[in-house]
Amino acid sequence: MPLFDKPLSELREYRPERVEEPDFDTFWERTLDQAREFPLDVVFEAYDAALSLVDVYDVRYSGWGGHRIAGWFMVPSGATEPLPAVVHYIGYGGGRGLPHDWLATAAAGYATFVMDTRGQGSNGSPGDTPDPVGGANPQTPGFMTRGVLDPEDYYYRRVFTDAVRAVEAAASHPLVDSERIVIAGGSQGGGITQAVAALVPGLAGAMLDVPFLTGYRRATEIVDTMPYGEITKYLSIHRDHEETVFRTLSYFDGTNLAPRCTAPALYSVALMDTTCPPSTIFGAYNYYAGPKEIRVWAYNKHEGGQTFQTRERLLWLRDLFKNEAAER
Amino acid sequence: MPLFDKPLSELREYRPERVEEPDFDTFWERTLDQAREFPLDVVFEAYDAALSLVDVYDVRYSGWGGHRIAGWFMVPSGATEPLPAVVHYIGYGGGRGLPHDWLATAAAGYATFVMDTRGQGSNGSPGDTPDPVGGANPQTPGFMTRGVLDPEDYYYRRVFTDAVRAVEAAASHPLVDSERIVIAGGSQGGGITQAVAALVPGLAGAMLDVPFLTGYRRATEIVDTMPYGEITKYLSIHRDHEETVFRTLSYFDGTNLAPRCTAPALYSVALMDTTCPPSTIFGAYNYYAGPKEIRVWAYNKHEGGQTFQTRERLLWLRDLFKNEAAER
Amino acid sequence: MPLFDKPLSELREYRPERVEEPDFDTFWERTLDQAREFPLDVVFEAYDAALSLVDVYDVRYSGWGGHRIAGWFMVPSGATEPLPAVVHYIGYGGGRGLPHDWLATAAAGYATFVMDTRGQGSNGSPGDTPDPVGGANPQTPGFMTRGVLDPEDYYYRRVFTDAVRAVEAAASHPLVDSERIVIAGGSQGGGITQAVAALVPGLAGAMLDVPFLTGYRRATEIVDTMPYGEITKYLSIHRDHEETVFRTLSYFDGTNLAPRCTAPALYSVALMDTTCPPSTIFGAYNYYAGPKEIRVWAYNKHEGGQTFQTRERLLWLRDLFKNEAAER
Amino acid sequence: MPLFDKPLSELREYRPERVEEPDFDTFWERTLDQAREFPLDVVFEAYDAALSLVDVYDVRYSGWGGHRIAGWFMVPSGATEPLPAVVHYIGYGGGRGLPHDWLATAAAGYATFVMDTRGQGSNGSPGDTPDPVGGANPQTPGFMTRGVLDPEDYYYRRVFTDAVRAVEAAASHPLVDSERIVIAGGSQGGGITQAVAALVPGLAGAMLDVPFLTGYRRATEIVDTMPYGEITKYLSIHRDHEETVFRTLSYFDGTNLAPRCTAPALYSVALMDTTCPPSTIFGAYNYYAGPKEIRVWAYNKHEGGQTFQTRERLLWLRDLFKNEAAER
Amino acid sequence: MPLFDKPLSELREYRPERVEEPDFDTFWERTLDQAREFPLDVVFEAYDAALSLVDVYDVRYSGWGGHRIAGWFMVPSGATEPLPAVVHYIGYGGGRGLPHDWLATAAAGYATFVMDTRGQGSNGSPGDTPDPVGGANPQTPGFMTRGVLDPEDYYYRRVFTDAVRAVEAAASHPLVDSERIVIAGGSQGGGITQAVAALVPGLAGAMLDVPFLTGYRRATEIVDTMPYGEITKYLSIHRDHEETVFRTLSYFDGTNLAPRCTAPALYSVALMDTTCPPSTIFGAYNYYAGPKEIRVWAYNKHEGGQTFQTRERLLWLRDLFKNEAAER
Amino acid sequence: MPLFDKPLSELREYRPERVEEPDFDTFWERTLDQAREFPLDVVFEAYDAALSLVDVYDVRYSGWGGHRIAGWFMVPSGATEPLPAVVHYIGYGGGRGLPHDWLATAAAGYATFVMDTRGQGSNGSPGDTPDPVGGANPQTPGFMTRGVLDPEDYYYRRVFTDAVRAVEAAASHPLVDSERIVIAGGSQGGGITQAVAALVPGLAGAMLDVPFLTGYRRATEIVDTMPYGEITKYLSIHRDHEETVFRTLSYFDGTNLAPRCTAPALYSVALMDTTCPPSTIFGAYNYYAGPKEIRVWAYNKHEGGQTFQTRERLLWLRDLFKNEAAER
């Protein structure tokens, strides 16, 4: 049944009960504090991408635990003034690829920063960043259950921290206007965006397409696709860990992160999406605490709006900075 | 069996027997002459793509039968001198999409022209060009058997002609240096490139990734994937048309087109490609009559080299024009 | 879930809201008037089918746009008096096949007429009738979205018109009693039957098995199978055409055609049919304005009653003409 | 790889080593002798099939073990002279269905006899004949390994015997000319035909489409499809029965039956048939000892020639009896 | 949708309407009486299993119709006193395998008896017991529709009877304490256990994991998996047998057997089980008339609790006999 | 094609070219030396498995890097003399499960030791041992490419080392006769067994069923199944790492380990095994340098001999120790 989730009219009102541990905020404060004990140590090294309209840099900076995270940075050739910037997070499995994979915001004139996802990058597009933390528990292949028995150990604690520091790394470049940074991502990248929007104040905007990492329990109950299915698979074997797992996940759940976000946001959702079901997305969106819009793609699965959504982003960004400029 | 085709050492020597009708060249001369009876009538209309580093134009020109073909054209903002150009052809099913889908060659400083494929553009990426020619025979859904009982009626007669005229359309723009036009495409786009390289003299280069539309009969015998499988499907029903069909296809077969090509060429092939099997590609490549190189991706299916191959293209293009400039 | 649609008790009462354009009837009047400007020009040519109990003719007549439509015609050998006749329409993808594929009604003593479906006939059974109208828009492979942006251009406008003229072609034969013509078809053939029953007055009966082409929007929401899925596929790419597409389809929707039918009808439906879901069929059946019966196959998918339904048809036809004879 | 078996040129010469037990002929003599100890006891009961050009009878006769076997019998209405007849055997899983499923040979003027396959008839088309013999061994679901540990117990011993007696039952009807009986079947029906052609002298002809039940061992080695796969499945569990199983099957193998056949035969084979691989068919055909022809369908799987092959049959039958009449 | 059935809170209350024939009890009385006319004739033959901690016997006894049923029997080496015993029934398709497959209860010190399932044992694990009763009707491959048109003929009439007699066979061994016999099985084995618990008084306990053979009609309506799907398949062909089939099945339905059970029971169920849906299991469990517990596995399909459930069984058994001993 | 690999006669002779780095032996010496710098520190803690014929212990010992590895240990209740022992390694993905999963060798009277596989145990059977080493590179989900760019970092360096130490841990127990230790495993467990047999002198025997981790390159070329497919997947993304990857794997390849083994060995292989293709297994077996036998399962896939092979093992073990005793 293609329209397998709630009807759109219900989705627009859907606010699931939120389950949140009392130390949610202190957990994240502590986490970021720990990470910041390591110097950020950003290195921008010029990279020959065989492109002429943009200058490209191969980036390294210290994320969680001081681990070195790879990235790309691009600015229009010959830029001299600080520019508004877009920081990109990547979908599940993929890595940063090559610079020419990230030209849309660059060609629109924004400083463009891409964060590699630690450990990923062996599916779809190549990555260059290992996750040097060993497993705290046996896990289902993939990333969803790596360290899932304790929020301290959970894989996404490291990834979300890397992502916060990616904003700091971008902001450190002289050609980036640190007051005009927008964060963006689709699927897992959207889930990371939702986390960073909750954890970093002063962002200019957030663009989240078909975000993942939100509404975990419901997701496992209504779809059996990967990657949410990794949780199901884990629990089908480790039958005694159900509550432990969902407690850990609650610290990383968009449903709990969205109410902490205030930057203007552009979401998108696809009504036939069996990977990131619409109710898990609206369940976060409806709690999102900043100005917000959502594009609804009626006849799409997880691909969502694809190139049309890229266009939506470019137009929304232009408006965002135009209005912001007007307000200044 | 992942390595299902001939071993690489045999592939490098593989020259299948060519089956070619005596009027092959006159068929194509006549076809192009007929098409050129219609004025090309290129229109470049400025398009707001929300990009700032490039100027974008929505293009229309007359292809086969005077039918209007859509395209995109991009040049670096503020360009004033004629530039080398790349003309792109598209993979099976897809359409021209949106301009930001084609930024790699544009950001490398080339004038970039994209031809929409008539009738296609309802799979993967959207297109805007109908094929206003009705069916000359019942056909398998798709494009492979549309008009396949007669070379005069065959769908790719129209597409290849559109593609020849796309080069003419690109060359007509004042910011294009008509002596430095490279054509490019992957899969079906690679097959079209092979045809245009045979039919248009004076091209500066051709880039063909995992080209389709070559070695039809062998393809139907060793793989059952689409789109070659459309031919199999057709012949499984129209059991009495086998020879007629392969006679028609011989006019559109890369194995017969490649020996007529002289421009420098960069090919790529993937050894586990079950969509465009390596022997069908080497079967053309080994006959290609110009300077040539081929990138071999050992562990890939039809995705081939993906972003790595894009990088190969950018480097090859840079060398091509550097050497050419040096030679001048 | 095999019983994926509404329960039978609800299906029997299900009358979905009908969405119909004000010019529905004038659209069809105009369409048929235009078609009738071309002479019907039926040709019955004797065909050696190696059968001895029936005489077989290869038929050609002019359908929409004067295009020549193929068909078969069979009568009992040596028949001399006008007979009741059955006009058959074919399921999606298939063609008229060969005469021995259509013997059931012939062996039951009815004049039997089979209409080839233009463009189809390369799947399941071979056909001989091209659709000589070019595409008005890029389309998903198949027939469901050919010309779907405008009712004037839509593929089924031509097919339904051909089907109306097939009745006229059958009626023109001296061995057919034009007052005793029944139309029949399964799946797409059932959808065509529903249209013809609405557009042709004076039919003796209509037999519709698991009819297709009815309740399009609901179909795309509850099943993802082909051929309704072609619409979903199209809209997943051409995201901006949703309303245009469903407006076009409303002219060809059984839900709007059934209320215009008055001939006695025998329907069948299968409760586990994921190709033509039962609610889309009952949604039309419950509006059907003539005397009607429906056979419900509880444990079947789209195959429905198969040979049992053929028997139901033969018995229903015998009763129909017996009662009619009695009434005369 | 669609052309997965030997190339056609090799197939035409392929004569596999035959493995045959010394008591092959006495086994079958004894089997038929035992069966004939039961009176044939044919009953032809008029059946209202709602057809008017043919008279239909529901048949019962005694097959192996005196078990009652169902069938259909049809003759042209009003026939008074003995006619040539066709006895049909059915494909795997299916049953005799309803009379209107068997009209092709009837409409061509032949007396038509259809044998139900004991135990089958719950897949595709319904049957009415149980197999009242219990299992002599645990078996894989299906019929291929029922009693497979001993030729005396093997399921097809009973089926082939029923099939021999079907010819006798047909011949017993006054409207059948017992000197002009042709036997026919596709797939399993073709395998049964091959057996009956070896076991019954004096047949006028045999028509075998894509015959099954021949070349068992090779079949299990080159395809993993059902129903040959039932043997593989059985041997994957009963790992110690390999030689016993293939010894039993040797009594029922077309490769051993074909050399014992002398009636004129029309075979067909499909080169992409993964259910009944072409080498298993040519392996029998090349040993067939009577006059023979084979239709080769190059681009088909197990569906073979379908309606085209039906036409081939009707033409071949007409020639057969024309020539025969001429010879008399 | 992984949680495809009713929510757990509803499942815990779910008591479907029971449909039971008036002669249900007399049917079973008569059935068992008939079986007991044959002497049980148990034979325990020492078997060299290459094990040293247990003594192993290859068992044969007479089940339904006096047919010889195979089994295994194991006791701790050197046991001299009557022991509590566990009688095991097997899941669908499988056979008794080898003795080392059944060590868990043996190593826990229980006399262990395993009943082979007649006719099965050619899937998963090998069996040695044929079902020497021939088919009373054509059937779908498998066992679900063997003899399904009449409760007298139905396959599970024989199996349930064999299973009752297995308890008698176990009880006959001098090392078995016939007052302390527990029966056990998973899936089909659980369904058989449910039947035996209803038909044999005085059992010490019953362990039923994800039991099959219960709630047939609902099962065919909500899942399309095998083996319930065999019924669907049968009814999709034998469209006229729906009521007959479900009438037969009512004699073998856990929903009707559970209310007749009084021994203490340990059930298990898996909430994502699409083979034996949770509502069919709770539909019986909630009617179960003895003391009972159920383990609910939330994230599992038909594998249920697997090794964890084995542990649950061992602990439950220990408690059962400890309490029982305490009560004595 | 079920028999997709070389024919058995060729397999029996197949000795592929071996590619081995010069420091192969020193690599392993160094690796084990490093591991042994950590004290083994075995802990045997009594565990209540609710079994009475065996005593069960939950084991922990130090493997590679001093990491704590879980295991089970079982001996017959009341044993007082040192016993021959079997050390088990586990198939890919699974963990040590529960003690009752490992009863076969225990019930045969052997001390039984089971090693958990670090990081695994979330598929099939649960495990309790994390792999506390972080990734040295991005990797394909699973274990095959974890650290694959350097033999020092490779996952199986740690696993093989754990396995060597498992033998030491078993030998340390007073009820184990350290001169009579046999190692055993299937699939991955068989691959580990092959490694341990090469790295540990003085073993009494080795049992390897359908061993994995041998002939990597050929495996990726002839099958596309997991887990070998993880390598293919990795190389399809990290296209530039092909030689690096296969260099690393050469240190862990059964083809290079087998020639270093001298203990008597019992192998098994399945000819239709598409997970661990027969040529990869014979490619190692034929180089195995000790006394050896191989059981060939002709009609099986990766399940191999299953329960029959367990029986083969028990008989082989009995013979092994009988002969050994005789020799002493």
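In this document, chain identifiers A, B, C, D, E and F correspond to the written order of the chains, with residue numbering beginning at 1 in each.
Here, a residue touches a chain if its C-beta (ideal position, glycine included) is under 8 Å from a C-beta of that chain, and two chains touch if they have at least 3 such contacts.
As the structure is a prediction and not an experimental result, all values here were calculated from the model.
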| item | value |
| --- | --- |
| Chains in simultaneous contact with chain C and chain D | B, E |
| Neighbouring chains shared between chain B and chain F, ordered by label | A, D |
| Chain separated most widely from chain F, comparing mean CA positions | C |
| Relative to chain E, chain with the most remote C-alpha centre | B |
| Interface residue identity across copies chain D, chain F - same or different by half | different |
| Mean-CA-position distance for chain E and chain A (Å) | 51 |
| CA centroid of chain D to CA centroid of chain E, Å | 40 |
| Rounded Å distance between chain C and chain F, as computed from the means of their C-alpha atoms | 64 |
| Overlap residues in chain D, where contacts from two or more other chains coincide | 125-126, 308 |
| Chain-to-chain touches, reported pairwise for every pair that qualifies | A-B, A-C, A-E, A-F, B-C, B-D, B-F, C-D, C-E, D-E, D-F, E-F |
| Of chain C, residues touching chain B in the complex | 93, 95, 119-143, 145, 233-234, 237-238 |
| Complex interface listing, chain F residues touching chain E | 49-54, 76, 97-98, 100-101, 103-104, 106-109, 125-126, 306-308, 310-311, 314-315, 317-318 |
| In the complex with chain D, residue positions of chain B that touch it | 4, 220-224, 232, 235-236, 239-240, 242 |
| In the complex, chain C residues that touch chain E | 1-3, 272, 297-301, 303, 305, 308 |
